[in-house]
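Labels run A, B, C, D, E and F following the written order; every chain starts at residue 1.
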Amino acid sequence: MYSLTVRDHFMIAHSFRGETFGPAQRLHGATYIVDVTFRREALDADGVVVDIGLAADQLKGVLADLNYRNLDDEPAFAGRNTTTEALAREIFDRLVRAVHGGALGDGARGVASLKVTLRESHVAWGSFEGPV
Amino acid sequence: MYSLTVRDHFMIAHSFRGETFGPAQRLHGATYIVDVTFRREALDADGVVVDIGLAADQLKGVLADLNYRNLDDEPAFAGRNTTTEALAREIFDRLVRAVHGGALGDGARGVASLKVTLRESHVAWGSFEGPV
Amino acid sequence: MYSLTVRDHFMIAHSFRGETFGPAQRLHGATYIVDVTFRREALDADGVVVDIGLAADQLKGVLADLNYRNLDDEPAFAGRNTTTEALAREIFDRLVRAVHGGALGDGARGVASLKVTLRESHVAWGSFEGPV
Amino acid sequence: MYSLTVRDHFMIAHSFRGETFGPAQRLHGATYIVDVTFRREALDADGVVVDIGLAADQLKGVLADLNYRNLDDEPAFAGRNTTTEALAREIFDRLVRAVHGGALGDGARGVASLKVTLRESHVAWGSFEGPV
Amino acid sequence: MYSLTVRDHFMIAHSFRGETFGPAQRLHGATYIVDVTFRREALDADGVVVDIGLAADQLKGVLADLNYRNLDDEPAFAGRNTTTEALAREIFDRLVRAVHGGALGDGARGVASLKVTLRESHVAWGSFEGPV
Amino acid sequence: MYSLTVRDHFMIAHSFRGETFGPAQRLHGATYIVDVTFRREALDADGVVVDIGLAADQLKGVLADLNYRNLDDEPAFAGRNTTTEALAREIFDRLVRAVHGGALGDGARGVASLKVTLRESHVAWGSFEGPV
C-alpha cells in the first residue's frame, strides 16, 4: 500500500457543551496542524499516489472555509461539538467530495482511503480515516 | 475509524541480557516519550473518542509506577528484557485494564483498540497495538 | 552561559484590530506551545539553573490564567493586540515577577535572563527575551 | 502487533518527467528522512522485534547505495520517476531482500511486514508498506 | 528583544568542490527547511515585529528563485560552494535587501537583525545572523 | 555570525543528590538528544563553519565515553550531580579540547564559540555555551 501525506494548518475559536469538557466549555481556540494521507494500492501513470500540488491546494481550500473563524457561529456545526475528532471527520468528508468531484485530477480517483489527523498541541491529536 | 492520541514521558534505568545488546548489557537508561492512541468506530455522545483529560490522567498514573525507577529491580519485569517493544506492551496491558475497570469513564468502553508507542530517541521507537 | 528550558501550552480565542491582520481580524483562536528558557552564568549548589519542577509548575500557573479564555474579554489586554509577540512579553513579565517573588526558590534569584517563545503553528513562532 | 522503527536519511538529485510535476521537471534534489518500521505478532527470544543495531546498519547500507547521487543517472531507475512514493517502494524491496537473505539475523525472519516512509520536507511525506 | 520566525522550504541539486566533502563532491541534492527570525527592540504600532503575511510572502519569493534548481548552474553561486552555511548567508542578504526596499512594509524598517537557519536533515543545520 | 549544528544522542543511568530532586533521587536514566552548535564570524576556505563529517565523528566519540553507562559510577562525575545542564558543560569542555587539539581539522581553529544542548524529553532541555 502506497501513501502520500501533506500538511497544513488552520486557527479557530470554539467552545464545547458538556460537563466532560470542564474549562473548555468556555470560548477558547486552537491551532490545528492537519496531516492528510492519501492511500492506494498502485501508483498512477506518473508514479504518484496523487498530484501533490493539487492535494496541497485542495487541502488549503477546505481549510480556508474554516480558518480564522468562530466555529460556534458556523451553521455546518450547529448542535455538534467541534472536537478534534469531529473536525477530522468533517475535513475527511469535504476532501472525499473533492476527490469524487475530480478536483484532485482523474488519477486521484484511484485513491482507496484517506486519513485526516489534527494536531491540537504537542501532546494531543485526533484523526479520522476511512475509504474514499 | 476515529482516534485520539495523548503524549507523556518517563525516565528509567535498566540493562539488557543477551549478546545481541552489546554495550546495552551495561546498566544505562532512557527517556521514553509515550504516545497512546485510542481508536473506535463511532464517537460517544459528547463527540469524542475518550475524555482527553481522563486519558491523560490515566496515562500519567500508569507511567508514575515506572518513572524514576531502575527497571532491573522491578518484580513486574523479573526475567524479562525491558526493551522498548516489551515496555510498550506492558503499558498497553495496564491501560486496557484501566479501560475495562472504568477509569476512563463509561464512554471509553466503546474504545475498540489501543496503540502504545515509545520513542527512545529521535531515531528509534517501538510500539504495541491490539484490541481492548 | 547555562540555560534550562521547559515547555507547556495553552489554547485561547482572540481577534486583532488593524487592516494588517486581514482575516485574523475575525474572532479565531490558537494553540500556543510555550518554551521558557532560564539563563545564568553559574549553576546553583544543586547543579541546576533552576528547580525544573518549580519552573514547570510556575509556567503552568501563569498559563492557567490565560488558558481556555477569549483574550478579547480579558482586562489585562484591553486596548492591545494579543499577538504572539505581545503574549510572549506578557508571559515573560509574569514569570519575572514569579522569580522576584521567590516562587521558583531562592536559587532562582541567580537567573540572569529569560526567553519566552510561543509557537502558534509548525511554520510560525514569536518570542521575547530580556534580563530578569 | 509489535513494531520497531529506525530513522536515517539520504540526499539526492533528480528530475521528474510529466507536466504534472511543473517546475520539478527541472533537475533539483531532496533530503529524504527515512523511517523503516518492522512489524510482527510476537517478540523473539531476546524480547525484540528485530536487532535494532542490525536494522540500523542494513538501512544505512541500503541508503548508501542511493546517497549523494543523481538518481537520473542510476540504471535502477531508468524510465521511472523517482517520486517519494516510488523511492519508498524501492527501499522496501531492498530491505525485504535483506530480511530474506538473513542480513538482519535469524530472528528477523519472523518479521511480518515493513513500512518505509520518506519525509521530503516538513509538509510532505510518502510511504510504502507490505508483507515481507 | 522581540522576535518573529516564519518557516518555508526549498529543494535543490548541487555538488561541492574540495576533498573535505568526500562523496558530497558528486552531484546530489537537498531539501532545506528555512527558518527566518526577525528581531527588534520594540513592537510596531500593530503590536508585531513584522507583518507575518508579508514576511512569509517575501521568504517564499526569495526561495522561489532557488527552488527546483541545480545550483551548480546558477551564476549567483559561480566559484563558490553552496554549503548550508553559505546558502543561509545568501538568503539573509536577499531578505535584508527586501527589508531595506520596503517589501516588508514601513514598520519592518525597525527590524534590527535577522537570523536565517537552513535545516538540511534531522541531524544537521546551519545559519547566518547579522544586523539588518 | 555563521553557525553549524550536528545532532546525536546517548543513553545513561544516574541519580541525583538533594531534596530538590524528589523522586529523581532514585536511580533512573535518560536519553539525551545532543545538539552541538559551532559558531564563527567567517567561513573557512571550503565555505564551511567546520567539516561536518569531523564534527559528527568527534561528537560521536565524546558521547561514546558516556553512552550506555551508569554515571553514578564514573570517576569524572564523582561528587557532582549529572544534571542536564552539568552534562552539557562537560560535553562542551570535551569538545573544546577536541577543537584545540586539532581533531576537527585546522580550519576549525577559527571556531569562536560552541553551544551544547541536551534534550531530556519533549518538554525539557538544557544547554551550555561559551567561547572556544
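One rule holds in what follows: a contact is a pair of C-beta atoms (placed from the backbone, for glycine too) under 8 Å apart; a residue touches a chain by one contact, two chains touch by 3 or more.
Only a predicted model underlies this, so the values are computations on that prediction, with no experimental measurement involved.
When the partners of chain B are compared with those of chain E, the chains appearing in both lists are D, F.
Both chain E and chain F derive from one sequence, and where they touch, under half of the residue numbers involved are common to the two copies.
The interface of A-C is repeated, with over half of its contact pairs matching by residue number, by D-E among D-E, A-D or E-F. Separating the CA-averaged centres of chain C and chain F is a span of 27 Å. Along chain E, residues 7, 122-123 each make contact with two or more other chains.
Listed in rising order, the residues of chain A touching chain B in the complex are 16, 18, 20-22, 80-81, 83-86, 88-89, 122-130. Remark: chain D residues 1-8, 43, 46-49, 51-53, 56, 105 touch chain B in the complex.
The touching residues of chain E, counted against chain D in their complex, run 7, 9, 11-14, 23-24, 26-33, 67-70, 120-123.
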